[in-house]
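See below for the structure under consideration.
We just call them A, B and C in the order they show up, numbering each chain from 1.
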Amino acid sequence: MNLSFLRISIWVYLAIFFLYLLGPLVIMSVTAFNSSAFPRMTPWECLTFQWFGELFQDQRILNGIKNSLIIGAGTVVLSVAMGLAGALMLTQIWPKLRATYYTIIIAPILIPGVVLGISTLVFWDRINRMLGLGADSVLSNGIFLTVIGQSTFIASYCMLVLVARLQRYDVALTEAALDLGATHAQAFRKILLPFMRPAIASAAVLAFLASFENYNTTTFTFGEYPTLTIELAQKVRYGITPSISALAFIIVALTVFFALLNEAKLKRQELVAAARKNATVEELAGKIKLPSFFAGNVAALLVVVFGVATITVVGTATAYNPAQCIANVKEQKQLEAEQRIQELRKQREERRKQREAEEAEQGGAQSMPKPSNNSGFGNVFAPNTLGGGDEESSSEPQPSTNGGFGGAFDPNSLKTD
Amino acid sequence: MPRFLKEFFNRNGTGMGLAILGLVIFWTIGLIILPQLSMLDFSFRPNLPPPEIGGPKDVYTLENYKYLIYGPEGGSQDYNAVDLRVFFRTLLAAVCVTIFNLILCYPIAYYLGQSKGSHIRIFAIMLIIPYWINEILRAFALRIIFGETGVLNTLFMGLGIWDTPFDFIRNDIALYAGLGYAYILLMIFPIYNVIESLDHNQIEAARDLGAPWWRIHWRVVIPYAKPGISSGCTMVFMLSAGALAAPQILGGPSSLWFTQLIYQQFNDNNDWPQGAAYAIVLLVTCILFVLAVMRLFKVNMGDIGK
Amino acid sequence: MSAGVGVDLENLWIRFGDFVAVRDANVNINGGDFFSFLGPSGCGKTTILRAVSGFLDPSEGKVLIGGNDMRGIGPNKRPTALIFQNLALFPLMKVWENITFSMEIKGASARERRKRADELLDMIALPGQGDKLPSELSGGQRQRVAIARALCAEPDVLLLDEPLSALDLKLRQHMRTELREIQQRVGITFIYITHDQGEALTMSDNIAVMRAGVIDQIADGKTIYNDPNTAFAASFVGENNVFRGKIRRVMGTEAVISTNRTGDLVARISTANQGKMREGDEAMMFVRPEAFAIASDDAPGDHCVTARVKHEEFEGNVFNIFTEGDGGKEIKVSLPNVGQSFEDHTGQTIRLEYETRNAVLVPAGELAAE
């Protein structure tokens, strides 16, 4: 009894945990397909792909992606190189210096990103001035500063990944290579590097993702080159639209796809290794009969399912036209809005009458009615009000009155009468 | 040449040795130590227009630190109540987020670390995937959920639990949920790594001796997992105290995070030395706080990051 | 057989901080020899090997290969090839790539390398295994691949660092013969490091016995076994019974020592110590288990030891009798099984005799750990 109760509570806990972890991503992804101009799941209006179209026409997003890719590439190269050098140094440093050295190279992980961004900015600005260079020099270039700032701490992550593998490296292998006539560079390239390759690949992926999603450091250093994350933050802070959900959906989909692909690859390697182990010498000497790619490989199956689903979705997207649905919803909304306006008018009329009556009774001079006190936010979240700062030029008509709060919360609707 | 360097070059060759040494020096000195020192130095200087930097007015001053405590000179209040309140609130909230994450993550880390089976790997992937999604987008996702017409409000209003939208954002619930959400993985992995290496027989033995499950955790698992727990807590605390994106996106209009003050000093007021001073205060306080807590729980610095 | 390239160590000192790993080593290794350094772990033999291969700089003294001073010449420039204790096969390369790594470094084409690999694989009796990974081979096969890889570099001197230690007993014995054969075939100098005296004795032309950084004796196997220089060499190489005492009288190459429990005994002074041992010196006499026999009644007293039998065991080719001997140390006696009948002596006191030539006298000194 007790045990099964424990078991159930574990599963309930797991369910809640993963709901918290994955729920937001699912909901965000779903909002990308709702025609509502405010990203939301309920009420569901129409299935639409318009937000993807909007996304791909957004020059700032595209430019941000370009900058992110450039900066990501630079950061990967610099931080993997520094991380590898740091890891190599850690394995051979004089024991007395080891603890201090470790503390120094691990510290950037714990230093708040904001602090790293500021210190990078301040330091290179000073170097720039000391060298007497102008404001347009390489050292004050946004890409340079961002790569440098991000690499400071991303290299620490890389170092941790690399040192884990390096600890399993047998130094005798390098010595064997040297002994057989290789130079140090050859031994590094032909022996150590191939051994480290999986870890270097992991570190590079990690570095790229960390660079791609970094906000705290980049926000101080980007200068003229806003990354995708910076652009996203600007958009999210000053008004959110489902085109961000569309981008999020793409990123989530890519992430899931690559995670599954990776898993499938690992699984396949495992199966192959198992097969090789079981195979007799003759079989190996002859031809290795690989197990079918899918046999016992759930992840591989999922990858294929995922691919098919993607093709289907894209296919539907090109063929599907939600115009009719949107028009219907619009019409209905307009009706609702009108209705609401009518109601409001009625209310106001009543209030006015009441007030007149009160005024008549009290004879006092009451102030004007408080405008739009309908929401705790006031109009903070009405997309249109804040969207004004958004220079996004969209070919789609902005259904402003169809905003998430209906027409009721739009102050304009009150002014019209 | 010192013996250590000679051995180093013997072992790595001159070219490779120079490359390794050069990269390490560039990283540690050029990217880690000097910028921090430079920022420290900067925080003691007045905010001057570029032509006057290095001029006669460029002298060391405590002005920037005084500002945090006493506010602008001739201000109406004795203390800079606004900034100080933000500062302490940030620290307190970061502690709360850390505790929340620890409570949330310890069971799952324990479960993942001690169970076997293929589903564990799937769980691991499910854990990692959110972490690969952009920080901004994760905050954005939560904002969709916690928004006034978001999923939660729609759900609860639909169920009739409350009938006017609850303002999660103004009440900072969205912010705490977002911060907790952002750093779950950083709490789980260090604990998981340690617990994975705990011999399951120890737990069996404790159970065999009749210990109830909570005592097994209190006396066996938690002491063993202490390095992982402290590592996770340190990272989550430092990162939430230094978070910028989540407060900017999920914070209510009236509740600022200390990093937002730093951001304002830099980007809106264009007062770099002031911002640097605030950054130093944040960094030093966080480090001292972490060291104090680590001493309290008797953990070593070397355990962090493992 | 070709003359080969010799290796000389001249006044070689190697220190790590305060620790002296090798103390004033002087060794001449002839070209084409199979030369072993024999000693317990930690005695500095691997350190010498690393100094010869170039991974370590001597603190003092010289390493000469073919008469050339090797100072300042890196491991990749020396005409040596080292076989590592754990073999250090490149795990990500196939067998043939491993074997021909030294050719790859020099820029040889894949076809050349393939051809050479096949030749070497034939030589080490692993034909057709070139496309496997090292992890797919057995211990003995890996061993041979490591040898082939080293030979492919065409070294003048092959250095082997306890390469057989990871193998099981049968394979180890088999590989001894094989290594010796390979050495004789290629005719280059082999320098072999081991703590296993059986390996050293069976394979080597000459052996250097090492103890705590010092070379005690350099000689061929027979000499080391029969005529050790020091107490350490006598006790480390093969089984030996030790009797401690003071020299009472020196008679040319022989001497009488007085022991506490077994009285005066006659022994031969080991060759290196002849003329150096004086009356009154502390000395040790060594008699091999197989050099004892049950004494006949008329055996002279100064060639006999009396001891009480603790227990006996039958090992097939020999009977072992363990007796309580001098200084609490037990005396082991091995009687060859040549069809005679044996009676059980357990609990009895027996007399054991030996011949003078089989009792070796050396100055008292440190014994090898059991």
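Just so it is clear, a residue touches a chain if its C-beta (ideal position, glycine included) is under 8 Å from a C-beta of that chain, and two chains touch if they have at least 3 such contacts.
Computed from a predicted structure; not experimentally measured.
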* Quick one: which pair of chains has the most contacts? -> A-B
* Which chain's mean C-alpha position is nearest the mean C-alpha position of the whole protein set? -> B
* To do: Would you mind pulling out the distance in Å between where the CA atoms of chain B average out and where those of chain C do?
  => 61
* Structure fact -> Per the C-alpha centroid definition, the whole-Å distance linking chain A and chain C comes out as 65
* Asked: How big is the gap, in whole Å, between where the Cα atoms of chain A centre and where those of chain B centre?
  -> 18
* Asked: What are the residues of chain C that contact at least two other chains?
  -> none
* Structure fact -> chain A residues touching 2+ other chains are 183
* To do: Quick one: which bits of chain A touch chain B in the complex? Just the residue numbers, please.
  => 6, 10, 13-14, 17-18, 20-25, 27-28, 31, 38-42, 81-82, 85-86, 88-89, 92, 94, 99, 101-116, 118-124, 126, 129, 148, 151-152, 155-156, 160, 183-185, 188, 209, 212-216, 219-220, 228-229, 232-233, 236-237, 240, 244-245, 247-248, 251-252, 255-256, 259-260, 263, 298, 375-377, 380-381, 404-405
* Contact footprint of chain A on chain B as seen in their complex -> 4, 8, 11-17, 19-24, 26-28, 31-36, 38-39, 42, 50, 53-54, 104, 107-108, 111, 118, 121, 123, 125-130, 132-145, 147-151, 154, 165, 167, 170, 181, 184, 213, 234-235, 238-239, 241-245, 248-249, 253, 259, 262-263, 266, 272, 275-276, 279, 282-283, 286-287, 290, 301-302, 304-305
* **Interfacial residue positions of chain C with respect to chain A in the complex** => 53-55, 74-77, 80-82, 84-86, 88, 90-92, 101-102, 104-106, 128-129, 131-132, 136, 149-150, 153
* In their complex, what parts of chain A are in touch with chain C? -> 170, 172-173, 175-183, 186, 190-191, 194-195, 276, 284-285
